[in-house]
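Both of the next two complexes hold chain A, though its partner changes from chain B to chain C.
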Partner chain A sequence: MLIQLGFSGLAMGAIYGLVALGFTLIWNAVGIVNFAQGELVMLAAFVSVASLSQALHLPWAVNLVLTVVFMAVFGLFMARGIYHPLRNAPQLGAIVATLGLSIFLKNSAVLVWGPDPLIDSGPFGNATVSLGPAKIYGQHVLILVTMVVLMVLQVAMFRGTAIGKAMRATAQDREVARLMGINTDRVIALIFAYACMLAGVAGVLVAPVFYVSADMGGMVALKAFASSIVGGFGHVPGAVIGGLILGLMDAFGSYFLSSQYIDVISFGLLIAFLIFRPQGLFGEPEMERP
Partner chain B sequence: MGTKRVRFVAIALAILSVAAMLIPNVLGVYYLHVVNVALVNVILAVGLNFILGFGGQISLAQAAFFGLGAYGYSILALRGVPLPVAAVAGVLLAGGAGLALGWPALKLKGHYLALATLGFGIIMQQLMINLGGLTGGANGLSAIPRFGLGPLTLDSEPHIFYLELIFAALVVALSVLFDRSPLGMRARALRDDETAAEVSGVNIRNIKVMLFVISATCGGLAGVLYSTMLGYISPDVFAWSTTFNYLVMVVIGGLGSTGGVVTMAFLLTLIPEWLRFLKDSYMAVFGLVVIVMMAAAPGGLAGLARAATAHRTRQRFPLSRKGAGKFELGKPREGKVG
Partner chain C sequence: MKWLRPSALALFSLIAALALAACSGTAATGTGAQGGGAQKSGEPINIGVSAPLTGQFAEDGGYMKNGINLAVKDINDKGGINGRPIQLFWEDDQGPNPTAASNAVTKLITQNNVVAVIGPHFSPAMLPTEPIFQKYSVPALTGATGPPITAQNNPWIFRIRLNDEVGARLLVKYAVETLGLKKIGLDYVNTAFGQGGIEVVKDELSKRGITPVDIETHQDDTKDFTPQILNFQQKGVDGIIVWTDDQPGGLLAKQMATLGAKFKLVGSTTFSQPPFLKLAGDAANGAISISDFIPDNPDQHVQDWMKKFSAVYNTQPELYASAYYDAANILAEAIKKASKVDGPSIQKALQGIQNFQGVMTQYSWSSNGDMVHSGLITEVKNGKPVVVQVVKEK
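Moving on to the complex of A and B:
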């Protein structure tokens, strides 16, 4: 039972982590909290399930690739159409705009795909893997494996490739990066595209676990916010680890404590962290900037 | 204030009160109800404007305070507590929660404060849904007693209209007076530059907590009025995501501009009624319009008006500085260092 709970917690945690990672990257690059990150997951899940899987019956791998490509294009559009005009606007303007985007996506999804939730069986259906006495869902294993592969690829990209280094430089100090000859506008567009791709992977992976509905993004995004605060806001590995912690807490908390109040506990934790340890578990204390 | 100004204000007040007398007779029951909803929104938005517009602190918890006021009043009123006591308790509950949130939130700024108040909003929303015995769970509460004093029960739309008009006028008057008072100046100093305000002797802790409490109290007041207006409440009205509406009223109305916020509160209540034909696509269109507005006019209505007068002034007096270099909330964003 414990192993089973642990696995489902880690799988959900991996999803939270992917989403948290997406907006951590955007936050580091441009200083905006993207409140629409959860709706990006929802968008990807609808594209994958409604348009690609149920309408076209594409195999799962093709489906994943196409969804991720779609999300990358959407990310480029987001950078051009929403971030770019707002780049010099005050903070609050950006918050309102991303909240506006989340409302727009949520309600457009209802218009396009209808109000009824969709059910997707995923590549494995209800197949389980036996691990000793515990039965683990194939989908959970798939989520965890994808997560590990993605993290390895990401580290390789950030450390090894020129574009990864340009992304890190831009996140560290945009002005200096620009002076060093990096086309920061293009790099920022790529970061948005990558963050949307992460949301796309999360959407495809989570679709068989949840019902696919216009509201599915909300709670995932809120849990991802909590994850990134627990891990240390703006801390890249912290976002993933925070996600795993939140996922495990969800699984064990709703089993042993109370499934009704688990969200209250999660967000109580978020507030407690913000007040007593705003740098999270892994971040460094932030110096006041003038 | 010169005598001319006093006379102007007196005449304006007289005209307005005559108009207020006539409104319930002119408008049909349906539109009167819409106006009543708009007045609740005015109180919520003008209240939010205290912390957001005057203080420059981002709060996403207004819907939670709204809910605390509504549930506080309804729960007590349903249990037979005298109505005035229940109403005052509802408002105080919200104000107290504002104090409880505002005090620890002093350490937080910008997005961190936004996330902390968001967390508070979600916790309140979850409690409203899950404390079924007290709050009626997802179905909410119904048959809430209408507010009344002694033998007088305010149970028709015109009665509710006058009740709400009085409180909305009080909140708007408070906002206008605050804006012009030395206290309001200190709040604006805090918004424009916290460090500079602090070294100039402004007690920023007290001002922040005070603004939080005023915003929360207005939210609670709106909640009490809302539940006595409708007689039933359900948790989805107070979901954290509805804070977005009040945020849009304040930001597009113009931060710190009482007139702009009141205008937007009315517009955003009336426009959905006029755009009924859009049906389900209204919210999608609304989201899109907000994004475009933010990109095109980050200063909101008040910003547009200011830009227009500044333009006219510059045409007539090319060297005038008036209207140039007005404040904007927050500094331009930068990527996080480190």
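Moving on to the complex of A and C:
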């Protein structure tokens, strides 16, 4: 029972963490809260299920790669079209623009793919792995494995490659990075692209777990936001850890306490953090706006 | 704009018709083949519809559109009601959304000057709009099944589906007497609909001396039912009674199958309808539901309706299309019989509807506004719901 809940919670937590990560990277780089992060996951899920899986019947790995590429390109357009024109305007403008993007994406999804939810059984269908008495959904295992691989690759990229270091530098201090000769406009575009790629992976992974619908972005984004707060707003590993914690809380809270109050509990935790430890678990007590 | 009010319009069109007849000196002829186009007296009758056109329940809204549009097209093709065509005004209430529904209904009544409204469909949306109908004296026809809908002493509300107060009891009766369930778990969506339904279930169970061993709840956007299913399994239930909407129902069934849950799934109407069947796939088999409409109902009226609908839309009708097709026709019948085309007269005419044969069932007004008094118990077999019992209100 505990193992089962644990895996379920960790898998959902991994999704929240992935989305929170994208969110956090954008915040670190340009200081805006991306309200469209959830809708990016929704967009990726629709592209993956509707276009690639149901229309073209591509194998899962190809599907994942193509969706991620699509999202990366979308991220570049997002940076150029939404962030760049507003980069010198008050931050509120860019934040409202992401809100506008979220509404636009939600309604466009209904226009393009219709109002019916899409069901996809994923590469494992309803297969489960038995760990003693516990039955773990195959898809949850896939989510966790993908997450681990992705995190390893991400650390390698950020530490080992020039581009990764440029992204970290830009995120830490944009002015100084520019003084060091980094083309910050281009790097910011890449950060947007990367954040969208993360949303893309999350979308492909989460699509088979429930179903794909135009309004799935809202709850995902809300939980991701809560995850970043718990982990420490702006702290990159903190976002992922916050996500895992929130996922486990949801799963165990639903089981041991009343499922009626689960949202009260999760968001109560969030409020408690904001009151008593606003920097989250790993954040710094004082933050500079980038 | 007082001169646009339906009663004033009716008077105006009467005067216009008389004036024309006097001028032309010929007998007024109806050009039925053209659907009332040449009839100068054919001022349209404004009817409002509040339906989920966007959001989580947009699929259902689409079905409602099919049913209502078909009914109205048929009526208008035959010359409308007493020579006047029906003009539909659609507003989006986004399903069980009290705010959106209140806005939709208010707009329909105050800006589009409708004489009657079809919808809102969902109980959490219908309940808060009931005072609006009373305030403006406009009758409403709804398929919402929550018991409070017709318990408000509001004479403007007409329910065109089986009240959960009756339906839930008939379902519990089947679960306990026919299925022989003893250790029962309950699960419900935490809205006016789910709460209302589960209260009736609890009450009927306690009348039979049964206390549920576990009660769980969820939201319309809940996606993970694993903890709830594990809880039910641990408490050793042999069946659960669930009062919920399409998507949570589908996910619940799907996850029950994946986790190897062996207990019976019994519940509200959604467990016999296409959105649930599509979402749950094979996991839908064995689900029992209290329902009003399924395609495999051998009743002749249903079969005739199946043919008619498929000829127009190339697909089978389901609950929403059928119920609201009937609603549009009941309303048209009432408007035809009404002494005037305005809210109060239509309301009186609706109260006079008895034994109206629709495609889904027969409709007879009773004093609280309920017009349906029977239902179907269905079970999903091989991916399709079949009728296992026809049940009637005593």
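Note that the second predicted complex is superposed on the first by the 286 of 290 C-alpha atoms of A that agree within 3 Å, B and C clash if a C-alpha of one lies under 4 Å from a C-alpha of the other, contacts with A are read in each partner's own complex, and residues count from 1 in each chain.
Methods note: a residue touches a chain if its C-beta (ideal position, glycine included) is under 8 Å from a C-beta of that chain, and two chains touch if they have at least 3 such contacts.
This is a predicted model, so every value here is computed, not measured.
K.L.:
Once the two structures are overlaid on chain A, check if chain B and chain C clash or fit side by side.
P.N.:
Clash.
K.L.:
In the superposed model, which partner reaches more residues of chain A, chain B or chain C?
P.N.:
Of chain B and chain C, the partner in contact with more residues of chain A is B.
K.L.:
Check the residue A:225 against both partner chains and state whether it touches chain B (first), chain C (second), both, or neither.
P.N.:
first
K.L.:
Could you tell me if A:124 is touching chain B, chain C, both of them or neither one (first, second, both, neither)?
P.N.:
neither
K.L.:
In the superposed arrangement, which partner chain does A:170 touch: chain B (first), chain C (second), both, or neither?
P.N.:
In the superposed model, A:170 contacts chain B only, not chain C.
K.L.:
Touch test for A:92: chain B only (first), chain C only (second), both, or neither?
P.N.:
A:92 contacts chain B only, not chain C.
K.L.:
Quick one: is A:158 in contact with chain B, with chain C, with both, or with neither? Answer first, second, both or neither.
P.N.:
After superposition on chain A, A:158 lies in contact with neither partner.
K.L.:
Let me test your reading of the model: by the given contact rule, A:110 touches which partner, first (chain B), second (chain C), both or neither?
P.N.:
A:110: touches chain B and chain C.
K.L.:
Looking at A:82, would you say it contacts chain B, chain C, both, or neither? Reply first, second, both or neither.
P.N.:
Only chain B; A:82 stays clear of chain C.
K.L.:
Figure out whether A:263 sits in contact with chain B (first) or chain C (second), or with both, or with neither.
P.N.:
A:263 sits against chain B and chain C alike.
K.L.:
Quick one: classify A:209 as touching chain B (first), chain C (second), both or neither.
P.N.:
Second partner only.
K.L.:
Which parts of chain A are in contact with chain B and also with chain C?
P.N.:
In the superposed arrangement, which is not itself an observed complex, chain A uses residues 107, 110, 218, 260, 263 for both chain B and chain C.
K.L.:
Once bound in the complex, which stretches of chain C touch chain A?
P.N.:
54-56, 58-59, 61-62, 190, 216-219, 221, 223-224, 226-228, 230-231, 234, 247, 250-251, 254, 257-260, 275, 278-279, 281
K.L.:
Which residues of chain B touch chain A in the complex?
P.N.:
Counting only chain B, the residues touching chain A are 52, 58, 104-105, 107-108, 110-112, 114-116, 118-120, 122-123, 126-127, 130, 195, 241, 244, 247-248, 251, 255, 280-281, 283-284, 286-288, 290-291, 294-296, 298, 328-338.
K.L.:
Which positions of chain A touch chain C when the two form their complex?
P.N.:
Interface residues on chain A, with respect to chain C: 1, 4-5, 8, 12, 107, 110, 115-117, 119, 126, 128, 135, 137, 209-211, 213-215, 218-219, 250-252, 254-255, 258-260, 263.
K.L.:
Using the touch definition up top, name the residues of chain A that touch chain B in the complex.
P.N.:
The touching residues are 27-33, 82, 85-97, 99-108, 110-111, 170-174, 218, 222, 225-226, 229, 233-234, 260-261, 263-264, 267-268, 270-271, 274-275, 278, 284, 289-290.
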